[in-house]
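Paired with chain B in one complex and with chain C in the other, chain A is shared by the two complexes that follow.
Up next is the complex of A and B:
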């Protein structure tokens, strides 16, 4: 008999989301709904009428995790709308900032997932906060990688958290030869560390993948070999940076995107009738509680070619590097494999960077209302911003952020998993839920038909 | 830039999209326009303070952290107050990832001097977005800047 269990809120990722799961007698998920319960932000509405310089600053404040990705995607959406090509050295500085941001994010995600994993060959779960060895060495290495990444981002971007250097038309300033050398020194130091960290993480992930069981809340839970598998497609625009409608050959097609109504996607009202007070942390939702994912979901459901798709490291590697593994563990593995790419990209950019080159376009058009888009391959996946700018003011703005794409896809990937490890499936997407909280729905003719604000 | 965070770190926390919640970043913007000693790092932490700053401070190089933020302590809007970490309400600076359910400031407070300068809010719009700090809180910005300079000078004698 099907029962309903709910994990709310889910933990060790950004923002507030929950899992409403229909499970069979063996506790295997037959239908899983993963949805945002973070209150909706109306950033797209707020952007209308603002100047094209203001909107990227607004977009970068949507959440506390992804300011760099939103800053770059937003600026480049404006540039795409107004038809502004930026100088080569400005683009190189943006790529350095972007790669440093991804590097930091991978290291941070390591901390978030490690408590789910074991030291290979032992029954000891990893505690990245312990001061004992071997945890301490791993934590120290992760700390240094994060520090290197943020320092590089601060040099190239002006500031590491809310970058002050990128602007419409390029960058405010180039870096000095000394700063360029500093970035190179940090990148070389980082390369050694990320190779060590990648190898460590791959060992840990493969060890878990080969296990029969994992302990959750004092119970041994079987790990299916197909954990997190789904039959949806993948979407990625570039192995590292992204694409825009200004490109000669754009790698994303706006006509293939459509948003559907979340209340047509998620399950309707259900009563929770399975409860586990021992589930970490604080137990599952109490039996007898009612849930209504259709009405509670604060995220929309975007589709590409009519289907939800997966975005993120696995999608990038599958699209551009023939990576053919699937599921939760493949997502983790793909993310680790992106570690060295970040630093090789930075070093390649430094080779090409002329510190005396100009970084601002000679002419910055003010826009005629044409639609432009820019996709930034953010740590969590494709972050697409779309804009129409006329006379320097934003007429229309939309953000299609990575976790929005992944909500419905991950929900499909929950089927077949024991409910107790459903959060492991979620965490493999490295969700950023705050960014993903939107409720703008367009119809089949791409007209906006609903823009609900749910408190 | 030799180190990400120097001996003294001033972190403005909050979100300018939520009215008075933009106080911390606004104070930081004002400080950035001033000439400060080389051992002071001023950072617009936005919503990312816990994971981008507090968990990335190295006690070997950073000795003091000054956090600037809004709060509701029952004062008059715009009133400033210094707090210690232990005076903060539980959960004030939980990491957005809820990564280990401990508060990052609790983890570093024994190694790094932490002072929190808070301003009594008048209006925070969250989850609705409303850009712009109220007049009362806006008027507190110069006072906050002055308090921070005094704090740096008092403890380190170099501002």
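Up next is the complex of A and C:
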């Protein structure tokens, strides 16, 4: 008999979300919904009428982990709309900033997922906050990687969190020769560390793939071999940076995208009738509680060819490097494999960077209302911003962020998982829920659903 | 090390001397003893700093523009007092960003030293700044002028063209203007008061009490500076620089007019401005103007 269990809130990812799960007698998910319950902030609506310079700085504030993705995607959407080509050295600085941000984000995600994993060959789970070895040296390495990444981002981008240097038409500042050398030195130090960290993580993940079960709340929970499998396919625009409608051959097709409403993909009202007070830490939602994912979801559902898709590191590797594994652990593996590329990219860009080169376009058109889009391959996947700019002001603005693409896809990937490890499936997407919750959701009669929920 | 002196008007300091740089090139265009320039050049050459914010040349004559100097030549370009506002701190964070500095030097007047210290202790959107400030050299400052004021004083009151001015100086109750061709004009300070920046009237610091090292003209003879060595960092840098032969020094006690005049002027500034602050409390009828020190 089908029962409904709910984990709310979910933990160890960015933002506020929950899992409403229909499970069979063995506790295996038959149909799972993972949805954002982060209050809608409506960035896209409030952007209308504001200047094209200001909107990217607001969009950046959607998320403090991947502000670089939103800042760059937003600026480049404006540049695509007005038809502004930026100088080469500005682009190089943006790529350095971008790669540094991806680096810090992967390392941060290591901290979030490691508590689900075991020291290879043992029954001891990894606690990155413990003073004991080997935890302490792993944590120290992760912190140094993040420090290096944030420092590089601050130098190239002006600020690690909410970069100040990018502007419509390029960058405010080129860097000094000293700054260029400093980035190179840091990148070389980081390269050694990320190779070590990647090998460590891959060992930990492979150990997990060989395990039969994991312990959750004192219980042994079997791990299905197909954990997290789905048939939604993947979408990616670039192995590293992104694409935009200014490109000669854009790698994303706006005509294949369609925005849909949550209730085309989520379940309707259900009543929780399975409750586990021992789920760590604090138990699950009380039996008798009603849930309604269709109405509660604060995310919308963008589709590609009419279906939700997976975006992120695995999507990039599958699209560009023929990576052919799928599911939860394949996603983890793909993410670790992106580590070294971040630093090789930075070093390559530094080689090409001319510190006395100009970083702002000579002419910045003010726009005639044409639609432009830019895709940034954010740490979590394809982040697409679309804009229409006229006379320097934003007429229309849309953000299709990675975790928004992943919400319904991941929900389908939950099927077949014991509900106690549904969160492990979610974490493999490295969700960024506040990223995914930035829009106003409109129902059939064009009433604003999100506003109704807030009331 | 000498015991710390805590003077109510001159701030806390370890030692005070009269000094001048031994570098002839620096002295050629220095306002006084070349202390600010020589210290920053020495700190750069010794790796104590890897860049410093100085008041460089702006777009108009005698209009300062803050720059991040990373070479001796750039530091030397900032020699000479510009009696107009130079927003030094505007580059404080950027110095740690696109300039890629690890050890930032800052020069400026008293209020700019205050800004640096505040950013170090209360960094509000000033990430990385607290740990990267390496050396601060503060100038004595009685008051400052907006650029329009400076134009009016020099062009109208002193009847000189700004383009021909070589040096300006406020001393002995007068605003002095020296031209390249050797003319000297003076304006009685009384005539300049209405051109002062109003914000200077609530300032309670004359000798840059919060700098690592502060330096100024009053108290020492022409061509020499009065120097306070205040912090551990300042003492370290100064001792090394003196040992390396960068400065000629004399104990301030052996110099005329010495600390007596300096204390008198510091007291005048602080007492006058404290009165202004008190008046702000009763500026309106049953209401006050804000007091940032409250």
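Heads up, the rule we're going with is that the second predicted complex is superposed on the first by the 437 of 455 C-alpha atoms of A that agree within 3 Å, B and C clash if a C-alpha of one lies under 4 Å from a C-alpha of the other, contacts with A are read in each partner's own complex, and residues count from 1 in each chain.
To be clear about the criterion, a contact is a pair of C-beta atoms (placed from the backbone, for glycine too) under 8 Å apart; a residue touches a chain by one contact, two chains touch by 3 or more.
Keep in mind that what you see is a predicted model, and the values were worked out from it rather than measured.
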Quick check on the chain A-based superposition: chain B and chain C, clash or fit? clash
Partner chain(s) touched by A:46 [first = chain B, second = chain C, both, neither]: first
Considering only the touch criterion stated at the top, classify A:3 as touching first (chain B), second (chain C), both, or neither. neither
With the two complexes superposed on chain A, say which partner A:182 touches: chain B (first), chain C (second), both, or neither. both
Have a look at where A:102 lands relative to chain B and chain C in the superposition and call it first, second, both or neither. neither
Kindly classify A:165 by the partners it touches after superposition: chain B alone (first), chain C alone (second), both, or neither? second
Please work out whether A:173 is in contact with chain B alone, chain C alone, both, or neither, and reply first, second, both or neither. second
Going by the contact rule set out at the top, does A:332 touch chain B (first), chain C (second), both, or neither? neither
Residues of chain A touched by chain B versus by chain C: which partner has the larger set? B
Should A:91 be classified as contacting the first partner (chain B), the second (chain C), both, or neither? neither
Considering only touches as defined above, state whether A:154 meets chain B (first), chain C (second), both or neither. both
Identify which of the listed stretches of chain C (40-48, 112-120, 184-192 or 238-246) has C-alpha atoms clashing with chain B after the superposition. 112-120
Common interface residues of chain A with chain B and chain C? 154-155, 159-160, 179, 182
Provide the residue numbers of chain C that touch chain A in the complex, in ascending order. 50-51, 70, 94, 96-102, 127-128
What residues of chain A sit close enough to touch chain B in their complex? 9, 11-15, 39-43, 46, 58, 61-65, 67, 108, 111-112, 115, 129, 143, 146-147, 150-151, 154-155, 159-162, 179, 182, 281, 434, 455
Chain B residues touching chain A - in the complex, by the definition given at the top: 1-4, 15-17, 25, 43-49, 51-53, 56, 58, 96-102, 126-129, 131
Chain A - residues contacting chain C, complex: 154-156, 158-160, 164-165, 173-176, 178-183
